[in-house]
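These are the structures in question, set out in turn.
Okay, so subunit A shows up in both of these, paired with subunit B first and subunit C after.
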Partner chain A sequence: MANDTSVSAKGGSTRFGRLRAYVADVPLLAWLLGGLVAVLLEQTVGDTLADLVGLPKVPVLFGCMIMLKEPTLIPSALIFVALVYGAPILLLGKLMARPGNWMADRMTSWPIAIPVVLHLVLLYAIMHFWADVSLYRMLTLRLTLIAIMLTLSLNLINGYMGEFSCSHPGFMALGAYAASAVMVLFFVNDRLFGEALLPEYLGPFIFPAALVLGGIVAALGALLIAIPSFKTRGDYLAIISLAFLFIVKSLFENLQFLGGARGIKGQPDYADLPTVFCWTVLCIWIINNFVRSTMGKALNAVRDDEMAAEAMTVNTRFTKMVAFLFAAFWAGIAGGLFAHTVRFINPGTFDLKRLAELLAMVYFGGLNSVYGSIVGAVSINLLGEMLRPLALYKWIVIPLLLILVMIYRPTGLVAFKEFDVRKLIQSKRKPEDEV
Partner chain B sequence: MQLFFQHLINALQWGSFYALIALGYSMVYGILMLFNFAHGDIFMVGAYIGFGVATALAALAALSALALPNWVILVLTILIAMYLTSFVGMLVERIGYRPLREAPRASAAITGLMIGIILETGNLAILGAQRIRFPSLIKTQVYDIGGVVVTNKKIMIVVVSLVLMLALNEFIKRTRWGMAMRAMAFDYVVIPLMGVPLNTIASLTFALGSALAAAAGILFAVAYPVLDPYIGITYGWKAFVAAILGGRGSVKGACLAGFLLGFIEIFVGAYLSSSLRDLIAYSIILLILVFRPHGFFGEPHSAKLRL
Partner chain C sequence: MRKGLLLVVAILVVGLALSPCAWAKSKTIKVGINAPITGDIPKVGEGSKYAAEMWLEDIKAAGGLQVGGEKYMVEIIVEDNESKPESAAKAATKLITEDEVLAIVGPQASSQAIPAGEMANNYGTPMISPWSTNPDTTKDRPFVFRGCFLDPFQGPVVANFIKDEFGFKKAAVLYDIASDYPKGLAEVFKEAWENINGPGSVVAFESFTTKDADFSSQLTNIISSGAQFLFTPQYYNEVALIVQQAQELGFKGPIVGSDSWGSAETVKLCGEACYGLFFSTHYAAAGATGATKEFIERYEKKYGYTPDDVGALTWDALRLVQKAIEDTGKLTGNLKNDRVAVKDALAKIKEFDGITGKMTFTPEGDPIKCAVVVRISEKGEFEFYKSACP
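What follows is the complex of A and B.
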């Protein structure tokens, strides 16, 4: 807490710093309440308000697309965003700061699970009402959540372990194909697999098992890479994993019973927002616990100096293998969710372009950090959607942005920051208030 | 048997593209320990620059009635495009890699990747999505040697590639600049303290690699005249695998691995099925790397990596 106030005081001279100092005592709980009110406000009076300020409809992604498409509407879009999002969040956050802090203080004496679940429920409610407005938002949000899982799991290899893996789209493909095959085989009348084998009401129960199976298949694939590449230290993981990506893609192109180059389509629609949200939370929770465990610390030691780690009795090869397989497992699960969100996959889905996108998310957000993965996945994904009106030039703007980030912050925006849930949800009351 | 030799010749041609591109990857990796992920797109840019130069030269020759023979135009195209593309390579190094010299190597790889995407998109934005046709400068002549069909283009491609590879090898082995490059590959932390300019050598490395990529691009365009902006991403990444397979910074290794990749791809396509090409080619490469993790001619590097 003391640290937080000193940071805000230091930046107090700039306008941004002053704003930061102004909201320094707002706990996460109050922010979430503000956000909830904002999305509810948008749902109830959004249309009227949009009419009032002269917008054709409620801006889908915070007005960015409208602003890029029609520059004349920039003021209206800004007013709308300020009224619907800015004002309620800021005002309510500030208003609720005292009760929120009181509540957060009370909750510190409770088991940690209760406040965490409370925050998650609030967060989910915000997402639910926000995405309820349009199908497009729903899809974007689900894909963003999946991207967080992918980024975090890739960060485990490229950030925490300090290797350079290129095979993540391959793991994704393994998971996606395994989960899709199971679900389509059992629950869909399909040209590829024939009649559905199980009644439909079993679907939601089998779905998690299918995802886990996808994760396990991906982890088995990872074993193929891990055995040869962790024998020696060096850049050979990069090249072996790249070869693996080509092999997986080519394999699925040749497996005719999995649709060959045409892929699998018509996955049942089980990956709805609550499911994806739960899996994402689970992924963040487990991976965060992993990197904070002894194993995770050993992994960091291996990255910083393998020989020293070995001398400190770290079984380097085993550590690296476990982390690699673990990351592949989560990539496989994310791949399964991805397949059931997009509901169409073919080998071309998991190509070098996806690799570039995943790497961009990891390095933009920040290495060795859960926050970084979330920031990277959310910003690259939303940027990609927001800049859609730029068409082709989107792929010049985003790479340029990433190059600038790399030059000025070579390890990414929020690198090497520990994700501590207790710290995140604690009361933000200044120490002097307590006296 | 005739068929076998036929495929052999095709494989030689196909492998020489990979080998030429792989050389650029391999040199940068050998000297600066960087993955230059923009190199595949430099190959693409080289092919497009070649297209521009060839079109301009042909128009110029027609206008001034110089009556330049077409093969002179082709040679000039290759030389000018190599020269111009080397500046593209130096620019990429200056923008994407030099500011990141102290940063983790992976970050530099990411900037390279992003520069590659920018080059690709820039090409799409400038020239549009339609494919372009490289002017056919030399007429195809078919020679029949004991039932094996050889065209003059294939001979030219293989010969030019081999000449370039030998020239590069001689340059690195025999000149002072080449010696500086080898020294830098040995240790790029200490050698600059001996008065060898690191930045100049880095620029030189990128320039040489890009020039070879441009030559590969034009030769590729001579064989397969239809160009699109994605040739960089399709062939560049494969050549990257070949470069690493050859061993760190080894000219011999990169050439050998490039030809090997070409041979596997052509022969799998010819005798099995072209859809199995990638599967078999990379499985073989994976197997080789399992038994020779440092590639054909690479030595285990014991120096601590800055990752």
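What follows is the complex of A and C.
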């Protein structure tokens, strides 16, 4: 019990602080195991349990939707969530803390790739079993992962580089159209492009190439903006990139061989969860490495003081160009995945509303931070779905949250935080425990 | 701390015992409405929602839906698609897998109906889009139907009507190239007109881009081309501008429109300039008779304005769903089989007597139905003028 007082003193006297202190020694590995057990539990006994507590079916997004729709079901939903998610994750996490820490310690001596892959496999398994329960979850999850890619790539420009770019939906459109055109041309019998040119079994192999092509097209588009706008300083990029967004939209509206205003439909269904997951992980990995490299630091230097950076031998123009094109490339890939998830695109999909949504995710989550991008994309996407029962009021609640975040944390929820994989997966055991 | 925990548990247990769903699962048929409640076209979403509410009232007044000797309660679930394609797909998937609806009505606009139809068809749920005119919505999708006629039908209707009514030879078209509906219809109309009057009879084929407000250069071209009339398949806000500017520039011929004119806003914005003009549409509110009149009067009384075509088409789509459910003869309780049964029943419907005309579905899921040519009267009402059938 003597231990208890010291913990509560460290974690603050609030109940939340105590909980935090209680789980402080749980490594990520144990959390993931707990999560895995929770989703497996939901899949096996979820229906029975839902029946038992009087829910019509397994609550799809942590019970939020059903609680808002039927306030009388709040207790049932809370019990369900506590039993299926809360208890297993907390108990198992705590129980596995020791072996988990031991394992994490062991793994520090191995090449970093092995523990990372192990964690990713666990994470994927959780997502897979979680989304397996309902097709709606599956679709929401895929779109959320794509949103993470978009947010992160936009954060590269708006956060790390400190410029204000408005052309992200345009890059997304370029990627989406390029990838869709290739895939529909080669693999779909379609009104627009006629008969499929290649046999269907080649599709999954060409798909990554089509996505990369989409990324490259988007990067080329970005080059068009980058050349004139990085000759100037300040707010010009915002204006030029906004103009670019309109140009792209109007371009696709007028390109009749790409469907014009009617858009392209019937993209083959290749953007399944494993594919989207792999691309998202790749995107986070590469962008995270980029921002932590010398180039990334140079980018931060340019943001903080361009003159000083130049004086310190940073090639500011080149740095900005590379980052901008790089961000556009990932936006293009995300656009391609988006097109193959929704399986329909038209120019109207990539308009100012999309821009507002992306900017909201970036600024909500936090500038200059990989964590922030993930938090922003996931929370805005999930909130958008969870608050569906509120109908119109959803559009009061979400903006209100945004305003609150802007007041109390002007740079976003988790801004300026470095994403260090080693730190994330390391053992959480405190040194004094080892004695 | 312990006391607090006990209290929470006690509250949860009491709440659990009182929760309505805990003890009885009643027999309910759920119908989903996938509508643009927010976004670009909220008026369309509102019309759909109101029509659905009225339909539900009718069902409730009848004590439920009679299927094979059993009464079922009906529940309507309205889902907002924010007039975004991916949101429409999400809403459709939610209705199908979470709310477990038997059938879906909506989305209305094609850019949402195409992705939502994909989901409905993949997951075997019948869906009727009341308003979508893009052929892709129902193409190769046995589970997807629509409630309105298609552009390839409407274009020739307008062309034939003008030929018969005025005997004109030279046509001008003004349309929004960036919006799929006007563009598609403009092209169909051009083809139909040239079929009647020979190539080159469309003397001006002018376009603009969404949110343009000044059409003087296009209209000047049209006037100098010597066109006898102007066909413009635009939405109400543009119609007002186009008609007023054309008359200011001295265009004398009639201006003709399509079903996108059929909103109460058209006359409100356009005023007297629009009186006496014609457009083709799904139904005429003024001078309607029978069930149509009854629907319009009920709607006006309840919501305070005349329903536009979306409301009427949604009403018909819901009645179609109702008829299909009744026609199945028996619901097994197995949702998957019941959905297939409803789809089959929908496909079999012949000569359905809707308030927007009689309908029979083609194998594609598109209805064969008549169009109405409406004249905007001197009182600003949409008057029935003529009907044109395939």
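Criterion: the second predicted complex is superposed on the first by the 424 of 435 C-alpha atoms of A that agree within 3 Å, B and C clash if a C-alpha of one lies under 4 Å from a C-alpha of the other, contacts with A are read in each partner's own complex, and residues count from 1 in each chain.
Convention: a residue touches a chain if its C-beta (ideal position, glycine included) is under 8 Å from a C-beta of that chain, and two chains touch if they have at least 3 such contacts.
Because the structure is a prediction, the values reported are computed rather than measured.
Novice: When the two structures are overlaid on chain A, which partner does A:Arg388 contact: first (subunit B), second (subunit C), both, or neither?
Specialist: second
Novice: Could you tell me if A:Gly348 is touching subunit B, subunit C, both of them or neither one (first, second, both, neither)?
Specialist: second
Novice: Is A:Ala360 in contact with subunit B, with subunit C, with both, or with neither (first, second, both, neither)?
Specialist: first
Novice: Contact-wise, after the overlay, does A:Val53 reach subunit B, subunit C, both or neither (first, second, both, neither)?
Specialist: Second partner only.
Novice: Touch check for A:Lys265: first (subunit B), second (subunit C), both, or neither?
Specialist: After superposing on A, A:Lys265 lies in contact with subunit C but is clear of subunit B.
Novice: So in the superposed three-chain picture, is A:Pro75 touching just subunit B, just subunit C, both, or none of them (first/second/both/neither)?
Specialist: second
Novice: Between subunit B and subunit C, whom does A:Glu253 touch in the aligned arrangement: first, second, both, or neither?
Specialist: Once the two structures are laid over each other on A, A:Glu253 reaches both partners.
Novice: So which positions on subunit A get touched by both subunit B and subunit C?
Specialist: 250, 253-254, 261, 353, 392, 395
Novice: Show me the residue ranges of subunit B that touch subunit A in the complex, using the header's touch definition.
Specialist: 35, 95-96, 99-100, 102-104, 106-111, 113-115, 117-118, 120-122, 124-125, 233, 237-238, 240-241, 244-245, 275-279, 281-283, 285-286, 289-290, 293-294, 300-301, 304-305, 307
Novice: List the residues on subunit C that touch subunit A in their complex, please.
Specialist: Contacts found on subunit C: 1, 11-16, 18-23, 25, 37-39, 78-80, 84-86, 89-90, 93-94, 96-98, 100, 110-111, 114-115, 118-119, 123, 134, 136, 139, 177-180, 183-184, 209.
Novice: State the interface residues of subunit A toward subunit B in the complex, per the touch definition above.
Specialist: Residues 158, 162-164, 227-229, 231-236, 238-240, 242-244, 246-247, 249-251, 253-254, 261, 303, 305, 352-353, 356, 359-360, 363, 367, 392-393, 395-396, 399-400, 402-403, 406-407, 410-411.
Novice: Which of the residues in subunit A come into contact with subunit C in the complex?
Specialist: 15, 53-57, 60, 65, 70, 72-76, 78-79, 134-136, 139-140, 143, 191, 250, 253-254, 260-263, 265-266, 338, 341-349, 353, 385, 388, 391-392, 394-395
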